[in-house]
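Notes to accompany the following structure.
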Amino acid sequence: MEYQKILDDINAELKRESFGGKVANYIPELAQVDPDKFGIHLSTLDNGDYFIGCNKERFSIQSISKVFALTMAYPMLGEKLWKRVGVEPSGNPFNSLVQLEYESGIPRNPLINAGALVVSDVLVSNLKNPKHDFLRFVQKLAGNSTISYNEKVAESEKDTGYRNVALASLMKSFGNIENLVEEVLDFYFYMCSIEMSCKELSQTFLLYANHGKHFVSKERILNASQSKRLSAILLTCGFYDQAGEFTFKVGLPGKSGVGGGIAAVFPEHYSVAVWSPKLNKAGNSVLGMEVLERLTTKTGLSIF
Amino acid sequence: MEYQKILDDINAELKRESFGGKVANYIPELAQVDPDKFGIHLSTLDNGDYFIGCNKERFSIQSISKVFALTMAYPMLGEKLWKRVGVEPSGNPFNSLVQLEYESGIPRNPLINAGALVVSDVLVSNLKNPKHDFLRFVQKLAGNSTISYNEKVAESEKDTGYRNVALASLMKSFGNIENLVEEVLDFYFYMCSIEMSCKELSQTFLLYANHGKHFVSKERILNASQSKRLSAILLTCGFYDQAGEFTFKVGLPGKSGVGGGIAAVFPEHYSVAVWSPKLNKAGNSVLGMEVLERLTTKTGLSIF
Amino acid sequence: MEYQKILDDINAELKRESFGGKVANYIPELAQVDPDKFGIHLSTLDNGDYFIGCNKERFSIQSISKVFALTMAYPMLGEKLWKRVGVEPSGNPFNSLVQLEYESGIPRNPLINAGALVVSDVLVSNLKNPKHDFLRFVQKLAGNSTISYNEKVAESEKDTGYRNVALASLMKSFGNIENLVEEVLDFYFYMCSIEMSCKELSQTFLLYANHGKHFVSKERILNASQSKRLSAILLTCGFYDQAGEFTFKVGLPGKSGVGGGIAAVFPEHYSVAVWSPKLNKAGNSVLGMEVLERLTTKTGLSIF
Amino acid sequence: MEYQKILDDINAELKRESFGGKVANYIPELAQVDPDKFGIHLSTLDNGDYFIGCNKERFSIQSISKVFALTMAYPMLGEKLWKRVGVEPSGNPFNSLVQLEYESGIPRNPLINAGALVVSDVLVSNLKNPKHDFLRFVQKLAGNSTISYNEKVAESEKDTGYRNVALASLMKSFGNIENLVEEVLDFYFYMCSIEMSCKELSQTFLLYANHGKHFVSKERILNASQSKRLSAILLTCGFYDQAGEFTFKVGLPGKSGVGGGIAAVFPEHYSVAVWSPKLNKAGNSVLGMEVLERLTTKTGLSIF
């Protein structure tokens, strides 16, 4: 497959069209990002690396970090994890407090905020030094020890993240948060502040294309069943209230973040990450969605 | 009207029947109350005082305190208060987080928890020394300077009140809480921990039977319109999800608390307080509801 | 009390101000009404009749008819009626299908559409000739045998009333409608098409000011307890999602209709009806609400 | 791949274990089915046919028919179809009336009842003789002209399907149903009453494994993009409120029906149908889910 040519063609097409979208602005650190930043990086299991634009520039991965948290927590609890968080799409156009209340504090899945807070709680309970240990884990997955938190972003989120306080407190009232709400939120906000480049994200996501085995070190991070199940969750729950549409148009398991990043994976073939900060109403990168839709159309490859 | 005879008759009737209900047990301090405690006190605007049982024993007035908080906050903001909290019954069988989310952080009325948190926020913003000043205000209304908070109760509520943290945090995320969530909650939990007797509650509620003028000191606390409006809110919103049923069966403005107290008022005639700790599923005192229903039936007096 | 002077003053005041509102337009028959029609009629228990404007012109009473249906059905089933329909305010800003679904087909109260459909079902089950017998009953209450249905209005409602079909079908699926959905809807739409004047409405509502006894014929229509309870329902549920606000500002039991009519009652004193077709967003007559608020302010009389 | 051996192994395993579940009983025709009926049929794109049990006995395919209706309607409207029905999982534990009301009569996806009613409305609008033409279409897909409706089942559904009347009426009130509610429901209930065997279902579903081209006739029924998108909808929405769990555990696009059937597809490889009438709480065949989970585990093949 001529991936570089396909990426070049997509890039050329996108330049001829114009797209809307708005940069996330609920914290100053995200609002200040150059809205025109654009990068793609695609890594194949046969050692190919293809890219466009600023694929090596780091940005705030935000919710994409939830995938790494889940990757770390899942083997810790095994299938018991699913007693505390579901695997169903949230499907709620309003938002998660409603469903969380109706469903007695059990979040629908680990990729919505409420679910990621439960996963954070698992990590806080099981790690000696949660923030430190989690960062090490991500560095190991990415094969790069310079990846780090952006403390300013984390602290800004803390100052405005009252809805996350509400989610964690509601779950605490149902007994589904073990640690102090403050501790869990502190971990969660740091986790979301991690910065990575498209290249780093893409190479890290090769793990899921490779059935849970690290592509470089060959270390088994998830067993084959866990890797398959995590990919299934990415497919059905990875794009907020647009998960169905993403599956419909793109057909790859993936995850987006409000920093404008999207990482996705074509099992047994490749992983890909895109970065473009302008978001649609559902909070997903406009260009990111476009790139991936065109990629699967042009390659003719999808899981269906 | 022979109020004492009517109260005696009710008391005799109730002794011959048996009733269910369960004492509130979410904090140890409430759970330890003797479930068989029972008191009634009725005060008339023509200086009558009629009572049954332990009418002078203090108990945790809990949500009844929301009426006093509203009485203090309403004149501070005047009708502007209703931009931050509504006057409609909540009518939600599930609970208030759902509605609060749909309605962008504006609670339906000042007597549900979310609304009382907004009222608390108003008091925290407008009082120099909120807890101290509010207690003084209640002491003044009751004409008794020994009324006080129960700190143990307040601290226990803090340890378990995660749902209230969720409510306040959600409203904060919508910009409807001005102060720190912790500060507002601290005030709120202390406010709810006030202890008063049926006699004290009844005499304090005479205010609302007297169109807002203190019955003893003659000080005007609310103007006539404010007093009428506050009574209207008590009628439509005073009994959680049983407000309609209370109006239907009893037909008096009133307010209940999970400590087992109910205070109600028959405008221009009398006020009455009942205490019996066993609650129905809606969180209202079983015997309290019975006493007031029989009282309005036997007197033939109600607002309808 | 100088009621005529008060009505004249209100009329003069309203002429100096301007008010918004929109005539109901979901069926042509309502849309064609002159938006500036205006009438008031107030009847007292001491034989007074006071009025303004076109108090003798008939209009579509719409939901006000639900009060008469309840008045006829309540004595048929007695308190058993409340197993099929609640007495709590609906309080749902969205609308009644949601609550009806959560609460297994039991409508919150008899004055929302779903509840009035259950009341209609009771009448269809218990009357030989439902539409004929109900009209006779209303004629008797009003003391006027020329009152009738507007068939064109009823048929128009049928053509557009899909939401009512949905409500009735959902309740049928829960077993809370005994008769065929079509039959119940046919009755319901005819019931809502009754036309009466302010004078007729006011004189009919004297019944509820008179504890359930017909003011002219002295026939007992409801017993005192039923009359009190029906008034309580009017107070807490009579104005759609503005019931709390109406109680707060006006403080009288009453009922509005989308034809622009409002009828209300001050127990033991008077009844009053207003007609002005322009509605606010909640579906209540703008001027009707204004008139009643000013009436209770100027008379200084309310139930609180 | 030794499919027959794998099916035999699964069959042997299942016989050693015991499973719960309850036959659908809301209409007598479904309730009377022998609960122990069991059949599997797997068809591969390289002409293999493998089976267990009563794979040739027909049963009521119920909601599986929604897939065929969508297959017929999608090419009629093309992508315009998605203006009238979404592609997102419903994710609502309560049920679809709520979401339908919040989302102004646009169903979340074409596989929930509300969405299938919209698809039915499209077919009623676009077919000369809707019931006849649709049946012909299914016969063509299955390559068998003896497939037919079960009129008794269809008529029984009509007598009890008030919730579907409610759904259709609510959408009609929002303008999202073009034809008469009765007509649409008549078509819908007949559509769901089609009877097919596992063998017929499996061979029909080969279409979706074959990118939209009929496996035998080579006729193109859906273009490649439509086939991919329909499969994506099956994956995210095919199993009511268990869609996420099915994707998580099985990882194949598929559809279940309350008659106890499940049909699924592994793109470019095989299709499979299972029949066992006992259902779990979500309305999916207990054994059907088990068989498919074991099948993907034993073959090691899934889309992830």
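So that you can tell them apart, the chains are marked A, B, C and D in the order they are listed, and the count of residues begins at 1 in each.
In this section, contacts are C-beta pairs under 8 Å (C-beta built on N, C-alpha and C of every residue); 3 or more make two chains touch, one makes a residue touch a chain.
Remember, predicted model here, so these are calculated numbers, not experimental data.
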item: Chain B and chain A - chains in contact with each; value: none
item: Chain separated most widely from chain B, comparing mean CA positions; value: D
item: Chain B-chain C separation of Cα centroids, rounded to whole Å; value: 32
item: Between chain D and chain B, distance of the C-alpha-averaged centres to the nearest whole Å; value: 55
item: Separation of chain C from chain D, taking each centre as the mean of its C-alpha atoms, in whole Å; value: 47
item: Sequence positions of chain B contacting 2 or more other chains; value: 94, 102
item: Category of the chain touch graph - line, ring, star, complete, other; value: ring
item: Contact footprint of chain A on chain B as seen in their complex; value: 94-95, 97-98, 101-102, 160, 162-163, 165-167, 169-170, 172-173, 181
item: Chain C residues within the chain B interface of the complex; value: 86-94, 99, 102-103, 108-109, 225, 227-229, 231-233, 235-237, 241-245, 247-249, 251, 253, 267, 297, 302-304
